[in-house]
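Heads up, there are several structures right after this.
One chain, chain A, links the two complexes that follow: it is found with chain B in the first and with chain C in the second.
Then we have the complex of A and B:
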């Protein structure tokens, strides 16, 4: 037991820190159960930069910049920063789009799923079942030889573009806010103070980079290799959120009247099924992709750009769900995403010797 | 000696290749795994040690070379 704690305390601590930062950001103004949500925040940024015009979800989220820059700074300090890429970038872009569409059908990335569960939102538990199922299907393909082929070392600049452009956009947001669009009502209008959001992102980016926190990897490695250490942050975020929400009086158990959520169980399941399957092919959840983008991985940068474009598409074409439920267009798009991921899975197998 | 080349591949592929390789290693040959991904390095070391191998790490230019041996 003692040995277990000594070996794994870091992973428990990571979950507690992420949970506490999420709680703090919610208390300071972020929407309920949305201290962090990579999908929602990339979507808000897409809106804020005019890529979609859904009036209630437009804000330049400094958390995203913080995560990328936190991962960048710590990876440079720890000599982990390594510009690599070239592993099927266009396929990764397409998977990024699909993952985002799935996340916006559910209303949250895997990180927000965990925060929602910790807030008592049982719709997210249905989502978790879909998420695990999606990772399970992805694991079957991996065992059958699925691969997006290897990446290569790239010039320094290639890896530096993601953190540099994040920093540039953030400075632009501070210096010339009139260039951006900001929601006046709805989730986009609810946000923590800029510096709190940036610092929160930096902390979570650093923790995520050092301990390689990934909400897909934990479940995947448990299924495929019986390696469980990445599950611990996952569990500890939920525990921290439950305790924090109980203290704060914001724990709301059940299916009905959950913040920024809908109760269509089938599409809560399928939305995160798409996210789980697509992210398994990508090698990490949306949060992990952001951290890797900050650490020099240009394949992950392309994936993040795919997710931003996917978010714009989801709102321009009416695919994203809302508290009112799933849209017909969203259901059709969900079906297309599953078909596209299946095709990518079938056409990227190497012979297992 | 069994050689596994997982250079440029990221999680979980190197570990998967190692797992499949070790499964076939009935004669307890020495196994050499070359990889570039640092995350996979930790996972693979842990996995091989869990399977009863002694693991030594060498730096091979930009890549890592893990030598795994069973007594």
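Then we have the complex of A and C:
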């Protein structure tokens, strides 16, 4: 037991820190159960930069900048910063689009799924089942020889562009806010103060980089190797959120009337099924992609750009769900995403010698 | 007999080596790469052999990133670096 604690306390601590930051950001103004949501926040940024015009979800989220820069700074300090890339970038872009569409059908990335569960939202538990199923299918493909081929070392600049452009956009947001669009109502209008959001992102980015926190990786490693270390942060975020929400009086157990959520169980399941499967092929959840983008991985940067474009498409084509439920277009797009991921899976198999 | 950890650019590479180990009767295990060795979250193969290169053939080498000798529970010595 003592050995177990010594070996794993960091992973428990990581989950507690992420949970506390998410709680703090919610108390300071972020939407309920949305202290962090990589999908929602990238979608808000897409809206804020005019890539879509859904009026209620447009804001330049400093949390995203914080995560990328936090991962960048700590990876440089700890000599983990390594510009690499070249592993099927266009395929990764497409997977990024699919993952985002799946997340916006569910209404949240895996990180927000965890926060929603911690807020008592049982729709997110249905989502979790779909998520696990998606990762399971992805793991079968991995074991049958799925590969997007290796990455290569790249010039320093290639790895530095993601953190540099995140910082540039943030400065632009501070210096010339009139260039951006901001929601006047809805989730996009609800946000923590800029500096709190940035610092929250930095903390979570640093923790994420140091401990390789990944909401797909934990479940994947549990399924494939019976190794559970990476799942501890996942569990501790839920525990921290439940306690925090109970203290705060915001714990709302059940399916109905959950903040920024719908009750369509099939599409809650399938939305995160898409996210789980696509992310397993990508090698990490949306949060992990941001951290890797900050650590020099240009494959992840391309994935993040794919997610931003996917978010814009999701709102321009009416694919994203809302509290009112899933849209018909969203269901069609969900079907297309599953087909696309399947084709990518089938056509990227190599025979295992 | 020494214990080695081979890291790869892809999960596929690790899988290939693991199959090869099984076919030749070398004791091996697929597992996540130890944090100390990499900040990425790939798959590695831990195996036991007299000499680390007995298991590497061309299919494996293409995907191989590095091979480490395990000196202790969290101590590794890099043997190659196939960047």
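Note that the second predicted complex is superposed on the first by the 353 of 353 C-alpha atoms of A that agree within 3 Å, B and C clash if a C-alpha of one lies under 4 Å from a C-alpha of the other, contacts with A are read in each partner's own complex, and residues count from 1 in each chain.
Just so we're on the same page, a residue touches a chain if its C-beta (ideal position, glycine included) is under 8 Å from a C-beta of that chain, and two chains touch if they have at least 3 such contacts.
Since the structure is predicted, the reported quantities are computational estimates derived from the model, not experimental observations.
Peer 1: Between chain C and chain B, which one touches more residues of chain A when both complexes sit on the common chain A?
Peer 2: Here the partner covering more residues of chain A is C.
Peer 1: Touch check for A:150: first (chain B), second (chain C), both, or neither?
Peer 2: both
Peer 1: Quick one: is A:209 in contact with chain B, with chain C, with both, or with neither? Answer first, second, both or neither.
Peer 2: A:209: touches chain C, not chain B.
Peer 1: Thinking of the overlay built on chain A, is A:227 touched by chain B (first), by chain C (second), by both, or by neither?
Peer 2: After superposing on A, A:227 lies in contact with both chain B and chain C.
Peer 1: Touching A:283, do we find chain B (first), chain C (second), both, or neither?
Peer 2: The answer is both, since A:283 touches chain B and chain C.
Peer 1: Counting only touches as set out at the top, which of chain B and chain C does A:350 meet: first, second, both, neither?
Peer 2: second
Peer 1: After overlaying the two complexes on chain A, where does the chain B footprint on chain A coincide with the chain C footprint?
Peer 2: After superposing on chain A, chain A residues 80, 82, 87, 142-143, 147, 150-151, 153, 212, 217, 221, 224-225, 227, 283-284, 352 contact both chain B and chain C.
Peer 1: Can you list the residues on chain A that touch chain B in the complex?
Peer 2: The touching residues are 80, 82, 84, 87, 142-143, 147, 150-153, 212, 217, 220-221, 224-225, 227, 283-284, 352.
Peer 1: Spell out the part of chain C that touches chain A in their complex, as residue ranges.
Peer 2: Where chain C meets chain A, its residues are 8-13, 15-16, 19-20, 30-32, 35, 39-43, 57, 59-60, 62-63, 83.
Peer 1: In their complex, what parts of chain B are in touch with chain A?
Peer 2: Spelled out, the residues of chain B in touch with chain A are 7-13, 15-16, 19-20, 36, 38-39, 43, 46-47, 62.
Peer 1: Using the touch definition from the top, list the residues of chain A that touch chain C in their complex.
Peer 2: Answer in residue numbers: 75, 78, 80, 82, 87, 142-143, 145-151, 153, 209, 211-212, 214, 217, 221, 224-225, 227, 229-230, 283-284, 288, 292, 295, 297, 350, 352-353.
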